[in-house]
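In structure tokens below, several structures.
Shared chain: chain A. Partners: chain B in the first complex, chain C in the second.
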Partner chain A sequence: MRRRGPKRNLGLVFYAVLYLAFLYLPVLFLPLFSFNDSAFIAFPLVGFTTKWYGQMLADSAMHTALWNSLKVGAAVALASTALGLLAAKALTRYRLPGGAAVLGFTSLPLFIPDIVLGISLLILLNTVGMQLSLISVMLGHILICAPFAITVLMSRFDGFDKSLEEASLDLGENAWTTFWRVTFPLVLPGIISSLLLTFIVSFDEFLIAYFLAGTEATLPIYIWGQLRFPYKLPVVLALGAVILVVSCVLVVLAEWMRGLGQGGKRMVGA
Partner chain B sequence: MGSLATVDVIGGRYSGGLVRWLATLYRRSDAVRGYTLLSPTVLVMLAAMAAPMALLAVYSFWTQDGYVVDKTFTLARYAEVFSRDSYRELFYRSLYISSLVTVVTVLLAYPMAYFVAFHVSDRTKFVWLILLTIPFWTSYLLRVFAWKIILGYNGVINSGLMALGIIHEPLEFLLYNTTAVVVTLAHAWAAFAILPIYVSLEKIDRSLLEAAADLGDGPIRRFLRITLPLSLPGVIGAAVLIFVPTTGDYVTPTLVGGSDGVMIANVIEVQFAKIGNWPMGAALAMASMAAVGLVTLLSVQAVRLAVSRTR
Partner chain C sequence: MDDAYIRIENITKRFGAVKAVDRADFGIRRGEFFSLLGPSGCGKTTLLRMIAGFEYPSEGEIYIDGAAVTDLPPNKRPSNMVFQSYAIFPHLNVADNIGYGLRRSGLSKAERNARVEEALAMIRLPDMGNRRADQLSGGQRQRVALARALVNRPKVLLLDEPLGALDKRLREAMQIELRQIQKNVGITFVFVTHDQEEALSMSDRIAVMSNGQVLQIADPRTLYDRPNCREVADFIGTMNFFEGKVIGTGGDITEIDAGIAGRLSAKNVAVELTAPGNDVLVAVRPEKIVLKTAGAAGLVGKISTSAYLGERSHLQILVPGLKDPVSVAAQTTHEHAGADVSLSWPAEAAIVLPRH
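Right after this comes the complex of A and B.
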């Protein structure tokens, strides 16, 4: 048994490396061609240029779209993390009859195609007579971000000892000060992680925003519009490369914060 | 605690037993306090998901002529969905494409998840998991667009092979067909397969595997009798998490699908954004969700049955 182990291991390592290549290589063509001095996205590479990045920075419609996406992303991150925090505390700290059903209900947006979420919200807003705007995009994004916030924060609540909060209550702190002095600092890595991840999900989301934005474009909607014009593709590649790099940095930061959380669990447990 | 005691006193003095009873109930009952905390989230979900979905269902029974919506109940939209050959073909194709995507993605992800769960030290596990999830959090639109660049007529593969002198004409079969959609979606949804499978593999009690080996099971038998059945919840979870949303995917068929790769979402979008026949679009959306739900239930049952047989 044990002798056969390493050999099989090697095959799996090889597969894992191939798999990572499949995951990352396609996306790396975006930055590669964004520095290529040609309007055509094709081999062979012609020469190095940063002019597509220059054109991208000069585009005022892009700036408006970027600003819109930042506003929506920030609001959505705050709102969905706040909702996630309440729900995660309720679901991990109280004995709730039907808690599993509620958790199932809150994760439903993951199982409904985005297009259906988009059009049904469009119908609702139309029925109640609300103008389409960035506010409606925020509403749609909170819906898809809340399940992520709840998951991230629930694992954080599960990760530290409930008795710390009980000790604080026993020692005479009330529920409010216990939350701010005990619970909040312990959950903070999870909160930051949730803020970053929900921001990214909202910032990158296209389809729901496409139905709900009305005349105000978010960045993905702007990109979608540019894809129709072949001569604009290199600029889109430059923008895409920047977005990918920023997203990756934020994700690594978020995962690192979550990792800190696990470290904290070990410390508290010991 | 102090503030609640005040409530008790005030309640006792001003409004008799009711407030005091409510305050005691609140303090004593975990469920009441828990649901109070949960209520904002649940209310938002009800307002932004449940209510819109209910309206969608109602709309699918109405009729629209130009800008006028006739609110008499009718099944005419559904009759049209089921009787038009082009719609039926569209449903079959969408379900076929996302089944294929589901199978391909899960099969490719299983060895990867297995590797991280069983052949990586605890320290590097964290790094592997981050590496595997980063692409999932980055822009879906850009990941799909990357495949258009790769598979296109003048794209990476064609221009690369021509620059190397391997081919002299661009290959036309790469983009704008079902295969392009399947490859692109399998790439875009990889993380959704890896994570659930990894979690269920990680949960398997290692002593069960040792016991099987001690009792004379070879690696293949051991895998089929212990690892695979125990990881089944993860596999099924991954499959559902991929199958359901990909059936309704819009970006991928639009960018890389061409006329052969059109899926349900494209037709729904046309009804809403271009033709402006919302009841028709609503009926298509409802019918597609029903079809997806049915196929999901049946296949989950079938897989459970098949695996319980092999044990």
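Right after this comes the complex of A and C.
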């Protein structure tokens, strides 16, 4: 049987495979060496072990760092998504004078190098005399996470008919109850997607946290500290492998929720 | 205006420098099927949205049943709306959509369910309450939107081009059904449309709008037979226009010199137009024109096109010296394109309008 249509370009297939290998092969070394029974990260592999995972679970400093990162991530996800929700509703639903400029300014932190942002925030907090702590890390992270939340939620708001909210007002609900009976259920996939995305961004963030954390380490700061001790490297790899798996699951989940969001578009209009 | 149930009092709405609605001032009677008719961008939807409370007028007041509602939000007004997009809530099923507005009514759950059942029966969709909104066809969505509004028993139902998204056959069926429902419930309907046939066939009265202004408010027959200006005459049906100058009036007949179109007579012309020398337009409907073979008295021309439409034929007649061909709707005709004919009409068929 002859394949219909233009001939397949083998060069492009080769390129695509090479590209994906370059992207993901290094990442796969993480779980590979985390199960290798040797303190040295080199081929050939010596033997299978789970002892690095055991050491990881026994490390109380790591637990504290993980707990700190989870706290910061959760708070940042909630705060930036709440702020993003308000901004997205305002930018899509009202005739705002200078709305485009506002959107531009809220996205600016994405384009400022994190190291510059970290130093400027450090200077600012010193000037106002605020103690460095997890709170300051949260504030820094909200700054870079809010633009993600706004973008995700705006696409969700754009996806549904404004007259749905008008219909609710017309049927006797006020602005507040309309939000809970119509707007919230319809943007919910976007809200969940935004929560997951902003959580990941905060959880993975190192530079700003490094400048603003003070004495309380987040997980990336703790890992950075561990790299000074070569014999601890396999434990870090084990930790890295766990984070990798969890991150992947969350990102897939976030994208899936966003997909549900796009599905909602079909229900709009006649 | 004393019998007005909805009173639109000198309403102007500006969007920046643009006047979307310009000094609209009229009343809508209780239980009336009232249409706002005009081309897109004429301000009809803006006016409807001001009655609903989605837009606030720049000037003027709106009263419903004697109470000023001008500054009230939509949820505090005794009106409900059927949206152009229907705005069916996609996350709720049909019954929950219809019962949406009853939550605040103070009715018990059983009473609310009974009302929803009753509404489903009215729109002839019983047993559809558990259907998801996205499983409905266009016509069904339209009915659910109607039921969702009427179930609250509003004083006024506002409809924003509700039949625009339906295909022709369904639209005509819904026109009849909508009119029937309106008669049964007896609620005042305010209906926005750009479709003049739809407005003529459904409405008790129609307000024709253009460029934010209300040009004429009348029942369909008066709008068709006695338009008050060129725009209304042009927008409702087809109309032939002849420019002329008043010669004089004797009894109820006014004589007009229409240049190449000759000397035309018109009956019962408005007094303010009858001054000799006044510039006027003589308007004649295509079906009022009598077609005769050449040689008879009247306007002489040649048939340029002839379209056979079953019960009648539409003809275009070129009259030498006139810019536009004359449209004629003849009952039956044996004349073909190229034939010479003469056109005439009775004096009462001639409508005299001011020329601006």
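By definition in this document, the second predicted complex is superposed on the first by the 254 of 270 C-alpha atoms of A that agree within 3 Å, B and C clash if a C-alpha of one lies under 4 Å from a C-alpha of the other, contacts with A are read in each partner's own complex, and residues count from 1 in each chain.
In this section, a residue touches a chain if its C-beta (ideal position, glycine included) is under 8 Å from a C-beta of that chain, and two chains touch if they have at least 3 such contacts.
These numbers come from a predicted model, not from an experiment.
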Exercise. Is A:Pro185 in contact with chain B, with chain C, with both, or with neither (first, second, both, neither)?
Worked result: second
Seminar exercise, completed: Winner on chain A touched-residue count between chain B and chain C: chain B
For this session: With the two complexes superposed on chain A, say which partner A:Leu20 touches: chain B (first), chain C (second), both, or neither.
Result: first
Exercise. Touch check for A:Asn174: first (chain B), second (chain C), both, or neither?
Worked result: both
Problem set entry | Partner chain in contact with A:Leu164 - chain B first, chain C second, else both or neither | second
Exercise. So, A:Cys248: does it touch chain B (first), chain C (second), both, or neither?
Worked result: first
Problem set entry | chain B/chain C common contact set on chain A | 169, 172, 174
Exercise. Which residues of chain C touch chain A in the complex?
Worked result: 52-54, 73-75, 79-81, 83-87, 89-91, 100-101, 103-105, 133-134, 138, 141, 148-149, 152, 165
Exercise. Which bits of chain A are touching chain C when the two form their complex?
Worked result: 160-161, 163-164, 166-174, 181-182, 185-186, 264, 266-270
For this session: Could you pull out which chain B residues touch chain A in their complex?
Result: 1-3, 30-31, 33-35, 37-38, 40-42, 44-45, 48-49, 51-53, 55-56, 59, 108, 111-112, 114-116, 119, 126, 128, 130-135, 137-143, 145-147, 149-150, 152, 154-156, 158-160, 162-163, 187, 190, 213, 219, 240-241, 244-245, 247-251, 255, 265, 268-269, 272-273, 278, 281-282, 285, 288-289
For this session: Could you please specify the touching residues of chain A with respect to chain B in the complex?
Result: 1, 4, 8-9, 12-13, 15-16, 19-20, 22-24, 26-27, 29-30, 33, 40-44, 83-84, 86-87, 89-91, 93-97, 99, 102, 105-106, 108-117, 119-124, 127, 139-140, 142-143, 146, 150, 169, 172, 174-175, 197, 200-201, 204-207, 211, 220, 223-224, 227, 236-237, 240, 243-244, 247-248, 250-252, 255, 259
